[in-house]
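Consider the two complexes below, in which chain A is the common component and chain B and chain C are the respective partners.
Showing the complex of A and B:
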């Protein structure tokens, strides 16, 4: 009877210059390893990740016909990809590697050479025991559907859709309202260049509605999203009727809603008819007349910054557009009503965008009275008395003068901040992305991957990710489209070789695994009466493997046998 | 000879293992008693891994995962938390002090915290003395 050949393991111990060798006796580990079952070669070397180090591994693999490799060096989070490549270059499947972390979790954290060497020995022994149970794994590919669903047809959604469609890829915009445009459609002129928002939108609206590659669904709601990157199925309700869309990617562009100013009681919004929000002023500007509730022309217009933003009580963050918008209002009030006075009540003037400092300087020249109030101490607004020559009185602790002062005004405009839409939580659940403490959608990496999310195939753009002006929303939308186009160009999606699989013969059909999976990656086969993992959706957390009472789920590369071997090895 | 506890640590890849690596890059010293096994998520840790470690002679088992709300797989650590309650009861049923099995949240930026957890756990197990599991006939103590 033929027995399976014994494994042929190579153990490579890295000195990492003196980083490891100073506390861990690498030679001792190499010597000891020669005695462990299956080990045919064990060598220490000064820099294993260097080119000569990697070549040494590759050469030993070829010469000694190694079929398993252990590298005892730094953290696998550091160099596992490097050594996997070294294996691949010598013709060995990259998953036949195991690393022992004897630097970050050993030589760098222990002083006593004997204890550190003993621990490194245990870790290396465990790695050898584990690698024996490794199996070659292959990456898989699934086709990429080039179609995209854009959720929300504001400036971000329209921009993403146009960029994709111009590249020849089909797009469906799913918009809840009865028109496209989002919040930009409620704006008159845009800061800081004072171009008309209407013109900004009109060109885009025309192109979107004419574009052969874009279909727009208005009064539409995303009801369900299933599948995985490259192969999603979306159910969309359009005016009561349900439609099914097959798409490869989703860009979430659901934007924001404005803060409810009535929550800050002292401002009197909702009680005092001449206290209005920025959006209400935009509407007046669009209609071409700035007026008070009784139709009179205001002589003094006060602008209050940071309503709902940068406060302990409401939102801690800065809404980013209100400062420039307030300056824009100062400018617009002055040109519409040259005789009127403008008072600007702010906490700090945030003018960080391109061209914004210049805009600040220019608008400050038009004789605006700037008054500074303290964080968490918003001004208080009350109706003026019959003897006062004004409509409203604003009291505030003025920081520049250090005095409590009273300012008369006829019309007060509250610069309301942005907040996540009420249904942002439901949207996040539908497409399986997360939200930060303030409720905004979370990107995959705040600096390096700002439009992807932790769910592959789902992207975010515009103000749904955090308060944003138009240029930033547009930039994100284009970035998301570029990310999708890169995947479409490849035509297929690489599925990591590490995923869970169900042994149908062992599966009792209890469906516990399915309820455990955070990604809905486990399907139940009614005919076979067993569960099945959709490889492309599985993120390899291993939760299902831990939960299956029948031991029917194998978490590839983290199997029970591999971990048991490791446990025996470390002890 | 003084009793040196042997502790098996199961650390999730995304937060806790990275946090333990950070302790290394920050050169924060801690006792060498914990030997770490990496899993993708703390939710991969089957109760039988813990029992296996105890049966093989571990004096303690440390499980570390991401802080609640931070699990890379969004909710794995909540499952770990629920399992931990049962696990403690289970080991108590085998006559093992439940304190030998400890669950801690360690984020990727908490190298210092990881070092403190290891130091504290090592000290507590040292005071508790060797695990009595080795007296069970079916188990062995390796090495």
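Showing the complex of A and C:
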């Protein structure tokens, strides 16, 4: 048997202009590296990531027949992909690269050139020791099932479904209720343009129910979801019977429920019949008659903002739609009952949406009385006495005047906020996504990736992610559909070459690892009595490898041997 | 004496004698063994003196089974002697293989042990200051006692060992297998762990396993464990996930959490640290306080996790 040939390593040290070279002696590192075992070429250069820099690496790989490359430069988060491409372009497997971070970890954080250079030397030596143990890795591909399950058939769910179906891809909407539409179906007109919610919905409902690519399951519950992106299996119970769906992606559009106003005792909801919630007013508006419990017509209608929202006791967040909805009620009350007075009790007026500030101004013009109360000091409502010329009395500390005042009203409408549905925790567990401190589903990145989640193939859209109005819900739904269509267009999913593997010969089936995986990538094989990693779901975080008490999990590209070699290289 | 017969010896260092009992527990097999082999030395069962062994030429014994850890000079001297005289040296039981229960004494120093046992102990006669010493004058002559070492060692720390047979004590069926392989000359290449499995105990444990989530560890008396499901999932600190299989899951079978007596699974260096890692992985805590509550049911983590392997761990011993 022939001995394996010695490695042929190239070391490339980057000056990063003066970013590195100012503090670290890059030439010294290149000189020293020539003495290290296996190193056949070591060069310093001004900008390694520039085209000439990359070309230099590729050329040396070809000329000196290098089989391993170390780049001592910036953080691998910055340019590892760049240099991997450089290796690939010269015919070398891109995973035969290791980077030593001598910028963020050396020149940027140290002043003493000697000490910084010594540290850079140690890191470069460690990278050389590690790269010897690198193995060529290949990316893998798994098929992408183009079908999508949309969980929840509110405005967000219907929008996502239509966009996917219009692009020719099959969709199943799983809706718990006996009809589609969600909370928008409970609304009369929509703020700020005062369009009819019914019309908004009707067109969509018709298209959804006629669409050949959409099937709608009503009175349906998602019971179980297994598999990984591109290849999920969902068990759905439809009126007791179970159905199995094969899908590639899931869009969660489960929306919100309204805050229970009875929790704020001083408001009297549940005790005082003429204190109602916004949804109860919507119902009256839809029926076309605003009336008190005894059938009389109210002369003064008071609107109380932020019920359950922006408070220390209930929810800290703003529910985002109540302010504009309250203004909308101002208009609707005024047009239905031209003689009635409208009193609007708010904390701050949040009119941030497009056209909303104009809407606010218009409402002020129709003679609404605006009163301001303090956060955490909600108004108190009590029945009026027999001598009062009204039905209810509202006491509040009015902030603009600084006085405690009493306002008469016949009907009080509480602008109840939004909160996560009761079963949001169960849904999160079913599809393996996380929730924030308030219980809303968490997106993958709050700014840059707002509809994906930490589980590949699971998307969130609409008010289940946080309180939202219709335009934002629709935008998210369309974004989620676009994300899925992009994957469907590719036809297959690339699985990074770095993932964890379970050695079945070592695995005792103890199932310690199962709970550890934040991405639900570990499956237990009941027949083999051992665990296994679903490559397509694994993000190579390494938790399972660290936790496995049998050393059965091997994290590719982060093996114990590689890490120990790196540590020894530093010492 | 038949010259073809195997010559073997059994010895105990710092041990409880349980391993010897495990050999006897092979029942009639031990008689077969006595027929197949000459047992030249076995303090618990056969008459014999150190002098007899010293008189043998080097390598005269085919095999020695050495149970117990190395706690004092006598243990070490005999270990060297038996190593010289034996072709094959087998560390029998977890004390010999990993330090075992006597190895837990490494959590304190030699001085603390002597103080506690001979001077500061309620059952000691008032004013008594007698502490063991290596040399004691008695009636004009001097008696010698073996030196008590500052720490406990595994057998392999003092001499080369050919095989490890883990277990506290090793299961008699496993002991029988090893002895039978010895007699028939079918032991694997030197350096192996024999009489044990190649996977962790959970593999042979018959309990139903789920993904593990433990809200709080419990003491054994706090619950009556469900006989079907995994004990660790019920909050008992079961060492099974980080313990080499081979015993047949004796303890889980009788509703007791595994105590870890078969030592670490293949490749694992530090059983105790690995166990703590495994236990910490499955607790449900999100905050430091919750983690503390979860671990409150494990009052002596070192003692529980390193119960059989402290001298073989990365910690090895107290450095006070």
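The rule is short, and it goes like this: the second predicted complex is superposed on the first by the 537 of 571 C-alpha atoms of A that agree within 3 Å, B and C clash if a C-alpha of one lies under 4 Å from a C-alpha of the other, contacts with A are read in each partner's own complex, and residues count from 1 in each chain.
Note that a residue touches a chain if its C-beta (ideal position, glycine included) is under 8 Å from a C-beta of that chain, and two chains touch if they have at least 3 such contacts.
Please read these numbers as outputs of a predicted model, since none were measured by experiment.
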Which superposed partner A:503 touches (first chain B, second chain C, both, neither): neither
Chain B versus chain C as contact partner of A:549, first or second or both or neither: second
First, second, both or neither for A:524, with chain B first and chain C second: second
Per-residue touch tally on chain A - higher for chain B or for chain C: B
Partner chain in contact with A:511 - chain B first, chain C second, else both or neither: second
Touching partner for A:357 - first (chain B), second (chain C), both, neither: neither
Residues of chain A contacting chain B in one complex and chain C in the other: 516, 543, 546-547
Residues on chain B engaged by chain A in the complex (per definition of touch): 6, 8, 13, 17-18, 20-21, 23-25, 27-30, 32, 35-41, 43-46, 48-49, 52-53, 56-58, 72-76, 79, 83, 115, 141-143
In the complex, chain A residues that touch chain B: 75-78, 101, 103-106, 108-112, 115-116, 118-119, 122-123, 126, 434, 454, 498, 516, 518-519, 539-543, 545-547, 555, 558, 560, 563-564, 566-568, 570-571
Chain A partner contacts - residues on chain C that touch it in the complex: 198-203, 209-213, 230, 240-242, 245, 265-268, 274-275, 277-278, 281-282
Contacting residues of chain A [partner chain C, same complex]: 505-516, 524, 529, 543, 546-547, 549-551
